[in-house]
Amino acid sequence: MEISDEVAIEISDMNKWFGTFHVLRDINLTVNRGERIVICGPSGSGKSTLIRCINRLEEHQAGSIVVDGTELNSDLKNVDKVRSEVGMVFQHFNLFPHLTVLENCTLAPIWVRKVPRKEAVERAMHFLEKVKIPDQAMKYPGQLSGGQQQRVAIARSLCMMPRIMLFDEPTSALDPEMIKEVLDTMIELAEEGMTMLCVTHEMGFAQAVANRVIFMADGQIVEQNEPHEFFNNPKSERTQQFLSQIIGH
Amino acid sequence: MEISDEVAIEISDMNKWFGTFHVLRDINLTVNRGERIVICGPSGSGKSTLIRCINRLEEHQAGSIVVDGTELNSDLKNVDKVRSEVGMVFQHFNLFPHLTVLENCTLAPIWVRKVPRKEAVERAMHFLEKVKIPDQAMKYPGQLSGGQQQRVAIARSLCMMPRIMLFDEPTSALDPEMIKEVLDTMIELAEEGMTMLCVTHEMGFAQAVANRVIFMADGQIVEQNEPHEFFNNPKSERTQQFLSQIIGH
Amino acid sequence: ATLDDVKARGSLKCGSNSGLTGFAAPNANGEWEGFDVAVCRAVAAAVLGDPQAVEFVPTTPKTRFTALASGEVDILSRNTTWTLTRDVDLKFTFVGVNYYDGQGFIVPKALGVSSAKELDGATVCIQTGTTTELNLADFFRVNNISYEPVPIETNAEAQQQYLAGACDTYTTDASGLAATRASFEAPGDHVILPEIISKEPLGPLVRHGDDEWADIVRWTLNALIAAEEFGITSTNIAELSNGTDNPEINRILGTEGTMGEMLGLDAEWAKRAIMAEGNYGEIFEKNIGESTPIGLARGLNAQYKDGGLQYAPPFR
Amino acid sequence: MATMTDPEGGTFRPSMLLYDSRYRSATIQIVALIGFLLLIGWLVNNTVQNLADLGKSVGFGFLGERAGYDINQRLLEYSSNDSHLRASLLGLLNTLLVAVAGCALATIVGVVVGVLRLSSNWLVARIMTVYVEMFRNVPVLLWIVLSMAILIETLPPPSAYRGDEPAANMIVGESIALTNRGIYVPEPLFGRMDEDGGFVSWRHGLGDVSLFGDASLRFDVSLDLIAILATLVAGLLVSGLIRKRADRIQNATGLRPRTWYWRWGVVLIPLVLLLWVLGFYLGKPALQGFNFQGGTHLRNSFIALWLALSFYTAAFIAEIVRGGILAISHGQTEAAAALGLRQRRIMSLVVLPQALRVIIPPLISQYLNLTKNSSLAIAVGYMDLTGTLMGITLNQSGRELETVLLTMLIYLLISLSISGAMNIYNNSVKLKER
Amino acid sequence: MAGLSYVRVEMLPEREPPVSEVGLIGWLKSNLFSGWFNTILTLISLYFIYALVSSILPWLWSPTWAAQSLNECREIVSDLGKEHGGACYGVIRERWQQLLFGFYPDELRWRPILTLILLFVALAPVLFTEAFPAKMLWFTGAFLFLAPWLMWGGVIWTPLLVAAGLVIGFYAFKFSAGAIGNLAAIILAIALPILWWMFAIGPISQGLASIIPFGIEVVESRLFGGFMLSVWIGVVAIAISLFLGVVLALGRQSELMIVKYLSVGFIEFIRGVPLITLLFVASTLLNIFMPPGTNFDIILRVMIMATLFASAYIAEVIRGGLAALPRGQYEAADALGLDYWKSQRLIILPQALKISIPGIVSTFIGLFKDTTLVSIIGLLDPIGLTGSIRADANWNGIIWELYGFIAILFFISCFSMSRYSMWLERKLRKGHQ
């Protein structure tokens, strides 16, 4: 678990509005290569939006986001470049139901990275093994449990060999038994040194793997700190309040 | 929590078939005013059907059911009379989605009981307060959470000032957090001395409020007893087996 | 030019009625038969040497002119009345008249009507999209009597309505009336009234602007008529084409003169046209004449020598 | 204040047309627009060239020319001397007439059938299923010609009513004649006395007012009709007030006063009085000459088209209604019943308000279909817009381009106004959800 | 409260229900005679059925199969002494082939039949995804070119070259996409095949035909008629309109204003006018819109208009399918770096089309029924043929037999298709839960 000095993501003075609603306000955030960041905060605080801005599923309106040296602006080539560097895992998995697990995993490498099919399959099997479901490769997503589906979604992202992974509440749509499967996979990934940004309320996970925990509220970064400090000694009142709720829950 | 000697419901030798399927067999049950009865039993044992016979959502074919002195037979006047005395809460709430919460609650009093609108509204607000959601009165059911919806459903029944309430698994379609809201409401009702028949598997609820627990299997009443005895000292083998499952769950 | 197109295509496109007893209808084998059809076959025989080389394009009253104007058909042979506007405004050339018709009325005998002027207040079935409805409106207006028009798309439906008594009288070209009456269960119970309220010269037509083609069609029709006049029939034509004393017959049959070449065809063009379905009289007899169920008398369509109007200009 | 993300305004490179999200969409749209304009230009150019070749010009002058043909069914007065424009107007009115009548009947039949399909009576439900499947799966054109054939073949001709011992008799007190030329029903007339009575009443109708003089669009307005409509509307308003009052009383006391006789009364009594004052009477049809005279003549072509369209569309509407009712979960009815509501109230307070939301949008698109299908009128000789403008007028004037395009335009306008109304309705009744 | 406690020692067995609940009596009571209202309804229905059957059956039973003309029928029937007449089936015997195939040459009728059979084979992998291997989709693709060739005949080269146009388009896109970018590549991939189809195919196929003259007899479309014409117009229109419909649906969903409004305008225009006016355009105006000298035959023109008509409806069906897809699918495709066209092709359309199949089938049924309208512009579809048949002196005056025969044909085909689409809808709904 080492962090290089290289900057993976650099967000400065970024602002975003939905219509007239100011959803992200003056976000400044630098993520180094190999860092593992957990973002938490109350519902509606803009966590998902922040994450989605990083691979431009949402467009920001002011400030800059530089991912791996590429600035996200209206130039579509840059967007394509960033997206192929950044993997994303969604809350609701968003697997492609009409394709088998294997096809889900090979689709993007073949069509975006132009990897030969054989190689793509090998790579997919490799990552499916990593998430411990190589035997499900020929099934369709609908035939898998939620936890398995989410692991396929992780494998699918990994197949693009991203340098950065984004997770948006990857476990919140899962039943308790399945959450562990997925968290284990993520911890493994973290241990290999992947740069990760993860929106989650799984405090155990945060304490186990995060280098840094960021707390957002009202579209702003309210507090950030290393996990131990963050949980045991929150500075801001908002954070304290939030943490007490989470734990009381 | 007192029980009068008056009989609220008297079911004798009642039988019901669905086609050739003998779903209720020789049911004999006397409920006194103020009694709170919990009915449990494996799925398909006829609990819902029994409850629904009491306000004639289902017709029975043999035996008699007398509710509050009125016998349920093919005379529609009797049916109307019984229905306006008996409130029912369903598993899936069955609120009217095109009416506001308030309109849901005032509809029956106005059209069945011929209560002046103003009074009906007052009464509705009274009961909405009782279930702790007076502020939602102007919303539509679709805008409420499941727990809130079920509480509206209870309030809606109460607005008809029924002397008897029937509940058919009122909490089983709810998320865990919401179950408590609803059970609390029901407990409050019980404490006020309402005659209640409740199909539920919430054992905590049964122990807290029931005077009597009835266990049904295969369309028959297999065992009944007061809650403490029932749970700790079940007599019949079927009951023991059932309870072990429930608790093991 | 149309002639070249037809030759290149190897077949003649002929706009026909989609179904009119005696004039045009497909038989059970899908072959088109009828009086109007025969004209097309004759032209095909003259131009292409094969009376079967015709593609029939069924048209309705509404679609027929567009079909011809847009070049979809080379010739429209579909009981079409020759009028000034059609000739001048719609820009078609009528090449002749193959049937002199007039609009008449048919009524049940039981109605006790003997003149169209007694039809005040009657319900009249008419086929729409033709000149018929205009004639009808004019006739009743001029005679200052009222009527109730029942417009109908096809002859078959008109017949059905008339027979069921849904209209008191059915009006269309007298030929059509006769044809229709012929197919009744009891033809004798119906009379065709004496009034013929319009002149309906029916003939084949082609587009303006291609006179060579118009000439070919016109003279093919004339050849059929002349053939009857000179007694050339499909049975004796082989014999006659060995040469006769009558120079006009010789010119028609191509044994004398160069008329075929003038038309851009070969010498035997008219011979083939006549052999296709016979001369005018034969065509008439076979399709609509008195020996057929339709049983039309020659009347106006008799040769001029017999007091009719069919008069072919000289082949000279 | 943070910098905005389009600072590099000066450094425009052509490749940005495609790879810059700011320009890309504009590029694509301009390409699409140019393509579209080219297509239009090409079509127009072809058309101009073709028309020139045919020696035709484009213009709508022909609409003013004498039509020369008669129209049997006319809602406005018309003769063959009128212009093509007026003939088209009559056609349009006929289209609207059959469309409106068709929608009304289709709705009634559709609702009845849809409800009966859900009936607990096995036989009735089965018969309705057979009806729906039969009508839905056979082309509407076939139904139109078939119903025409049935009317013609099964009903007696007027001549059957003739003679001392007629084969057929008028029904409903000798006032309605069913013939295979159509149905003759009594027509409402004003102020004329019996022919034989010398007595001239002081009661008389108000007469007509003609608008637009001699123009093609002229029409007469019957003052009698206006008076009647005004009375009717006033009666309905008062009736509405009575209902409001009943609502108020119910709100105040809980008891709803019985008002139906009042509500009918205020509508009907003034109407009857007015009719009496105007000298209203029914002109009965009577056999005279070839036909029945007098009365209103509903022609076969109209009836066949009307019935076929209605019953065909009703089959679809029945499915929509059934679906709408089934979409209301059984739980809703049960909950309402458990509250003690009676069957009728459950229907009117719970089921229908919800079902209507599901039913009305597809219902309106069925209305649209029916209106469009009414253009098949020519198959039975009903002179609607297609029969006049795109039929005889086209044929007489040889103006394909103008007549066909004009016809399309008119139908388009009708369709757009119907679907516009539907959108407004949809937005107004959307169920509120989270 | 000791009295409360109760334990059942002996379980009750299941008992027979009262007779009034089950068996024939129970069924009759609950389904036909429950309450006076239902009883009345039942009696009315029974009478209705009786009246209908007793009036139609005697007419239907009529041994006139062999009759050669309507008059012969009348004789046969009156010999039987029937009061209300009887059906005349002779016309069906004589003309059924015409009603089915139009004027398609006798000896070549195996071709439309084969096409129909192959159509089912081609549709199988689309309609019954589970039962048939996806590999068969190749045949479905090939069928698109095989079917017109079978129907119209001609040298084999023409359909092959037309198919080659698509291949050209595909490779043009593939090789140029890198060099000139996607949009330009798409334009090229559309333009090249069109140029190929317009200018190259004719000469090349002639050339090839003169070298290897492999072909089957040409059958011109004017010989198409009867039921076959209806089916063929419907099938061609739906097949082509699927492509157009997808384009229009994507256009309508697009964020690009102009593209969107062009699509909306087209769709609403087509849906706002009656089909019959479009057919009039086909019969009277289309030739005017085309460059001078072009001459499609009327059936082709009708097919063009029917295709445009169907594509507007298909577009709406597919739009429904697109809207039914969760947003997450689009986002996941974006996040994986797939561009617009790739995500449409690989992710969105395969799913949206599958959801749309029931709607497409319904559209087809509607279109198929509407093909009867072509009789109004003089084409000889089954209804048009009834006119021609009645123009035959032998059959002048015959009505019910022909209409009945046609109605039955349509009923059978439409009914089975609508059953299929209902089945599919149910299956899809289950699959979604």
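Note that the chains are named A, B, C, D and E in the order they appear, and that numbering of residues resets to 1 at the start of each chain.
Here is the rule we use: a contact is a pair of C-beta atoms (placed from the backbone, for glycine too) under 8 Å apart; a residue touches a chain by one contact, two chains touch by 3 or more.
Note that the structure is predicted; figures quoted are calculated from it, not measured.
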| item | value |
| --- | --- |
| For subunit B and subunit D, chains touching each | E |
| Chain whose average C-alpha position is farthest from subunit E's own | B |
| Remotest chain, subunit C as reference, centres from CA atoms | B |
| Selected interface, D-E versus B-E, where C-beta contact pairs are more numerous | D-E |
| Closest chain to global C-alpha mean, per-chain Cα centroids | E |
| Rotation angle superposing subunit A onto its copy subunit B by C-alpha atoms, nearest 5 degrees | 155 |
| Interchain centroid distance [CA atoms averaged], subunit C/subunit E, Å | 40 |
| Centroid distance [mean C-alpha coordinates] between subunit C and subunit A, Å | 83 |
| Whole-Å gap between the CA centroids of subunit A and subunit E | 47 |
| Between subunit B and subunit C, centroid-to-centroid distance (C-alpha), Å | 87 |
| Junction residues of subunit E - those touching two or more other chains | 284, 287-288, 376, 399 |
| Overlap residues in subunit C, where contacts from two or more other chains coincide | 62, 66, 153, 160 |
| Residues of subunit A touching at least two other chains | none |
| Each pair of chains that touches, named by its two labels | A-D, A-E, B-D, B-E, C-D, C-E, D-E |
| Complex interface listing, subunit D residues touching subunit C | 54-56, 68-72, 80, 145, 148-149, 152-153, 156-160, 180-181, 288-291, 293, 299-301, 378-381, 383, 387, 391-392, 394-396, 398, 400 |
| Of all residues in subunit B, those that touch subunit D in their complex | 55, 57, 80, 83-84, 86-88, 90, 92, 94-98, 107-108, 110-120, 139-140, 142-144, 153, 156-157, 160 |
| Subunit B residues within the subunit E interface of the complex | 15, 17, 19-22, 25-26, 61-62, 211-212, 218-226, 229, 235-236 |
| Complex interface listing, subunit E residues touching subunit B | 1, 4-8, 11-12, 14-18, 21-22 |
| Residue numbers on subunit E that touch subunit C, as the complex places them | 71, 74, 94-95, 98, 102-103, 106, 220, 222-223, 283-284, 287-288, 295, 297-298, 376-380, 384, 386-393, 396-397, 399 |
